[in-house]
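Naming follows writing order (A, B, C and D), and every chain is counted from residue 1.
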Amino acid sequence: MVVLKVFFPSCCSSAESGLLVGHWIPEQNSAVILAVFHFPFIPVQVKQYLSEVRQVTQVNVSVLGTWSNCKKKEESLSEFLEDLGTIFSHEPWIQLCKETDSKFWSCSVIQKHPSTPKEDEIILVYYDQRKVMLSHLHPPGNLTNSTDHKAEDASKLAVIFDTVAKSKVLFMKDRYDYGPIKLTHWQSEGVEASIIVELMKQASIPVCMLLTFLLSFVSSVCKSRVLKFWPLSFIWSKLSTCEQLGHRLEHLQVISSNRKAQNQPQLMRKANIFVSLLADVALGILLMSWLYRKNRIGHLADTLIPVADHVAKELQGLLQWLMGVPAGLKMNRALDQVLGRFFLYHIHLWISYIHLMSPFIEMILWYVGLSACLGLTVALSILSDIIALLTFHIYCFYVYGARLYCLKIYGLSSLWRLFRGKKWNVLRQRVDSCSYDLDQLFIGTLLFTILLFLLPTTALYYLVFTLLRLLVVVVQGLIHLLVDLIDSLPLYSILLRLCRSYRLAAGVKFRVLEQRTGKPLRLLMQINPLSYGRVVQTYRLPTYSCYPKDSWGSLCKKLFLGELIYPWKHKGEKQD
Amino acid sequence: SPAQPATMNPARHWQKVLYERQPFPDNYVDQRFLEELRKNIHARQYQYWAVVFESGAVVQQLCSVCVFIVTWWYMDDGLLSVQWLFGAGLVSSLIGYILFDAIDSGAGRKENRRTRWADLKSTLVFVAFTYGFSPVLKTLTESISTDTIYAMSVFMLLGHLIFFDYGANAAIVSSTLSLNMAIFASVCLASRLPRSLHAFVMVTFAIQIFALWPMLQKKLKAQTPRCYIIVTVVFALSALTGLLTISSVGAVLFTLLLVSISCLCPYYLIRLQLFKDNIHGPWDEAEIKEDLSRFLM
Amino acid sequence: MEERGERIALQCRQHSASCREFSVRCQPVQLRSLSAATCSVWLAAYWLFVLTQNSMVLSAAIFITLIGLIVYLHFVKIDQESLLVIASLGIQMTSSYASGKESTTFIEMSQVKDVVINEAIYMQKVIYYLCILLRDPLDPQSVSEVVPLFQSSKPRLDCLVEVYRSCQEILEQRKTVSQIL
Amino acid sequence: MACRRIGDQEQFLATAFSVVNCGRPPAWGIRTHSICMVSDFFYPNMGGVESHIYQLSQCLIERGHKVIIVTHAYGSRKGIRYLTNGLKVYYLPLKVMYNQSTATTLFHSLPLLSKENTVLRAALDPEIVSVIPNAVDPTDLTPDPSRRDNSTITIVVVSRLVYRKGIDLLSGIIPELCQKYPDLNFLVGGEGPKRIVLEEVRERYQLHDRVRLLGALEHQDVRNVLVQGHIFLNTSLTEAFCMAIVEAASCGLQVVSTRVGGIPEVLPEDLIILCEPSVKSLCDGLEKAMLQLRSGTSLAPEIIHNKVKTFYTWRNVAARTEKVYDRVADETVLPMDKRLDRLITHCGSVTGYIFALFAVLNFLFLVFLRWMTPDSIIEAARDATGPNGVWTKQYFHTQKRKEKEENSNC
């Protein structure tokens, strides 16, 4: 038993009687109807027209059968239709017949050569021609990597989609000229819009060229050797603003390159970059317009200095508290005093620095605010850098505390081994037993005791400053995460999925339409849109990764051992 | 097949081998089953006085701890002057040092290849470090409550007694750990004393009594057992006397402890040997009786 | 049919010789358990309200239950799972949620290697389930992926065997076709 | 259903036990059982226990029994799988605690060694304890004298490098013999905490070119190592069966071993030189073996292999195990009160009551579980592959019918 499938465009269901034109796929035993040629026509013209279409589209379009749409069955017509089969010889010859009062069509297939077995079942599949033509099929995730293989093993549906998409020309052809042949198929209505699009396409070429020129100039300036010297390059690598600018520069280069996108993913990538850039700049300008109205910058500057002052005061209070009996903990008084004074001196330095800066703050902020026109992400990056600069004293405290604590922890761990009569074997990477001399033992234990009793003091300082540092790191990390989100979100694809869900197809789904015995099975083929998750996953723009590299466990271990932690960005570089 | 009838040799006896298929079922129980079972092979006969002699090491160590605590008590109360303790320590150390070489007439020193210069260097290191760190020690535990320090010291001294090398061959023994715990306890206690000089002298004394004194004892025990007994008794008596001046109840309890360790415990050990019921057989893990460490020396 | 005390119903419709649809209807939304959950949340909120005298708590509780209900009906509770097998086209799985949302997956026949009943260990239990074996495009003899069917309703074996038999009948047709071609 | 650990002489039986279910009437002469093997160690892990369970199961399936194996999941290998001949394996998603063992194994992993020990420790009637040797697959372990270097003598040691395998003795033997005989080499396969001792000996006596430490060996590589040597040395301090010496003998090596545990029962006297567990005795034994080798009085590898080949076969083991299963299946299952009675009377005056308490708790837990998930909810497994496989037949019947119809249609 062989099943014959007829894919029929639903827009043709009300067409007048005529010829069914489409593509026959023998290996699937299915016919894809693309259009209906109306009566009357001259067979030679039809054949000539089809051969033209074939040349242009590279699809083997031919007359597959006849289509009759009439009130009641007429004997003469059916005979005539059968005769047509001799003129346009096709194997098999499909005869579709719709009676206006009934939803159920009759369909018959005539085989000239009965060598093939009897076909006793026909499935009619309705499809929306426009949607199928415009949609882009996304094969399931695991198949995407084997693209080269797909050519030969392409799924059946992909072939059908391909056929419809390629025969776009067939639909175009009829737009303006009313030639000798009348067809029914899907027709576009947005002619005016397409003219605007054409105009924009023309205009975009010089714009792109100008942009490319500008960009090459900027990038050559960036690459100049003056900026490569040590202190400058070091600063560049530490500032997230520079990285963000570099990233955007790359994006602009991708957009403005006059090479045409070769395939769908590249096209989508360009569009995504473009839309995300636009959205970024729009948001940035919105921010700017908000900032520069009503002298908000001045207000900001006026509040910033007191805030910094206030933070310093709070820190001083914290240190005073630590130098007393914090939370009832009894710490080593001498060491406590030394550490507390050291940190207090630092805060003092910091306050005087801030006050020195205060007259210029407003000006700096004003100029920095201008950068928002480059995009919200740039503004956010600058914000992150400013936070890093303003909390430099916290960073310093943290580093001192961590170094001291780290030293103690390492000292204690090795002295603890000595205490138990063990030692670390560097060659074998394990703990060996070892017999120490009496004096070694004595000094080791003495130092161990001293370090052990001084540990709580150091640990408390370390704990407090680590918490402060973590706060800053979390804020910076959140900003970076936001920037990354704006950078990587494929806005265009998401918009497409939202408004034209058929454009991004994950596959198809079928609905069984109501049916009657003796009539062919009718199915409605609909496009199954891609889920949002997969849209984001497929079209995510690559960014420099700024996600935490180490797990929570390793982070906790680092914190415990007193190793330095940094925000999620620039992990590899900041090792000193 | 394994179930071959036993006709080929009816008189064949069952053999305890696996490589041969025997005309017996797998769950066959032979008459000789369990005949290799042995009991109490390793049970040892102990001599009462020998065990008492061996318990001397424990008594000595208990007395050392007692003497140390008593001395610290005197120092803390100001009954013992720093100079006196330092002087006494110095003199006894010198005597001990001479004795240490005199007992085996320098044989041990030759074996260890340890020069007098090394001894002097060690002494200098001790003194210098202890003296240098004594002010730090003084302020070290200022903010920690005295009870905590006492608890820690007791814990450490107990640890010292547990891990001390009494001559038994057990996994728990670790003379390094034992000595370190004693030093830790002495540093803790020394930091409670009124002056930094006190702390210095106390730690020095701890080194003498916990590190040097056991070395001398070991040598005494090996070379002149009779002398060792006398020294032990004298040491125990002096410790008791010292304790008696502080607390008579403590002295009584300590006496009871010493007596039970040196007299009752050996007796009990010998009695318990009668109840031993160890099963041995060829399935036991074999013991390596040789000393294999010579291959790695 | 009963599964863990829940009633489920298997419905089989034959559209044509080569097209069959099986749908398993799970137990409908249980008003009792839903209202119990809602009531418990509200009671807790009321208790908090009595403690704190803050009416925000009550509005938050209402908001949370509403959100929870929507999420539950829209993303969690599956009302019906159906399987549409069309011999020459493929197999389509549809699960409809309580809110009416449907999620559909269609697998082309050329990818389907077989439909089998498999055993799996699930929540301390060994259960049977029906699954579609997908053919590996690189190596037609091997299986690239296993797609389980009726994941939320988990029908019992006797039910599965029925579906399995029908599926196999249709897959048989496909095999004969390929032999002829 | 009877469930018992069968105390035969295999060291792993503390970790693996079988559940025998014999509900069916005897078919063609031999009774068929449904057997469930429970073990923490199974394929893809490779080792003695793993291959034992696999081979035994295969032989039992061959004899018409239905066998399933229950083990824990290994990485991505979880769920239910079928192996050769329809051996069904349940890889349960259990948490692995330590060294591929789950909590249950860690619990009762007491070494039950020889029959005597089992009987003594568990206070059992010796009649219910059967001794079944382990089997060795001799087809893979064939000698290959061409791989030997006959200008020197090579002593092979293949064992885990742990204290119980007597690696400390080996560390004494190596310098002793290497200093005496300059043409002697050692080849040591295996890994373990005592490796460091061997490395230290090698460094100390500068024997890097003569003592090769191969590290951990896969099971399939063992033969490759064995055939390179002349003498196999086993220094175990305790051993139940010692597969290693049988494998070595099967590869045609002269075996020198300590006389501990069940080793004297494993090989006949002409194939093994038994020594006391001391460096001196083992050195003497090795010297004797070397002397035999030099003078040519030792047996040829092929002869040794042909002898060993007949000793321990899987079919034999399966047949003997089957008998134990038969006997166990005949035993009546004691009711709960009898079991408690037995626990209280057999296991000491105090511990007996404690055990009985645990038994009662376990029983209550079982009752609770049955209340939580009644039997009616649990799907009964259908035998898909065994001799009376349900589906396969039905499926093939329907398929055949279909085909006939098709043929008539065409």
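Quick note on the criterion: a contact is a pair of C-beta atoms (placed from the backbone, for glycine too) under 8 Å apart; a residue touches a chain by one contact, two chains touch by 3 or more.
Since the structure is predicted, the reported quantities are computational estimates derived from the model, not experimental observations.
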Provide the labels of all chains in contact with chain B and in contact with chain C.
A, D
Quick check: more C-beta contact pairs at A-C or at C-D?
A-C
Report, in whole Å, the distance between the mean C-alpha point of chain A and the mean C-alpha point of chain C.
30
Between chain C and chain D, what is the gap in Å from one C-alpha centre to the other?
45
Centre-to-centre distance between chain D and chain A (centres being mean Cα positions), rounded to whole Å:
54
CA centroid of chain A to CA centroid of chain B, Å:
70
Chain C, residues touching no fewer than two other chains:
176
In their complex, what parts of chain C are in touch with chain A?
15-19, 21, 84, 86-89, 92, 94, 104-106, 108-111, 137-138, 144-145, 173, 176-177, 180-181
Contacts from chain A onto chain C in the complex sit at residues 1-3, 5, 27, 29, 117, 121, 123, 125, 142-143, 146, 149-150, 153, 155-157, 507-510, 512, 515, 521, 523, 528
Chain A partner contacts - residues on chain B that touch it in the complex
121-122, 125-126, 129-130, 133, 136-137, 139-145, 174-177, 179-180, 183-184, 187-188, 203, 207, 211
Spell out the residues on chain D that touch chain B in their complex, using ranges where they run on.
8-9, 113-114, 116-117, 119-120, 126-133, 164, 166, 168-169, 171-172, 175-176, 197, 200-201, 204, 237-238, 241, 258, 260-262, 264-268, 277-280, 311-312, 316, 319-320, 323-324, 327
The residues of chain C that touch chain D in their complex are 3-5, 117-121, 125-128, 156-157, 165, 168-169, 172, 176
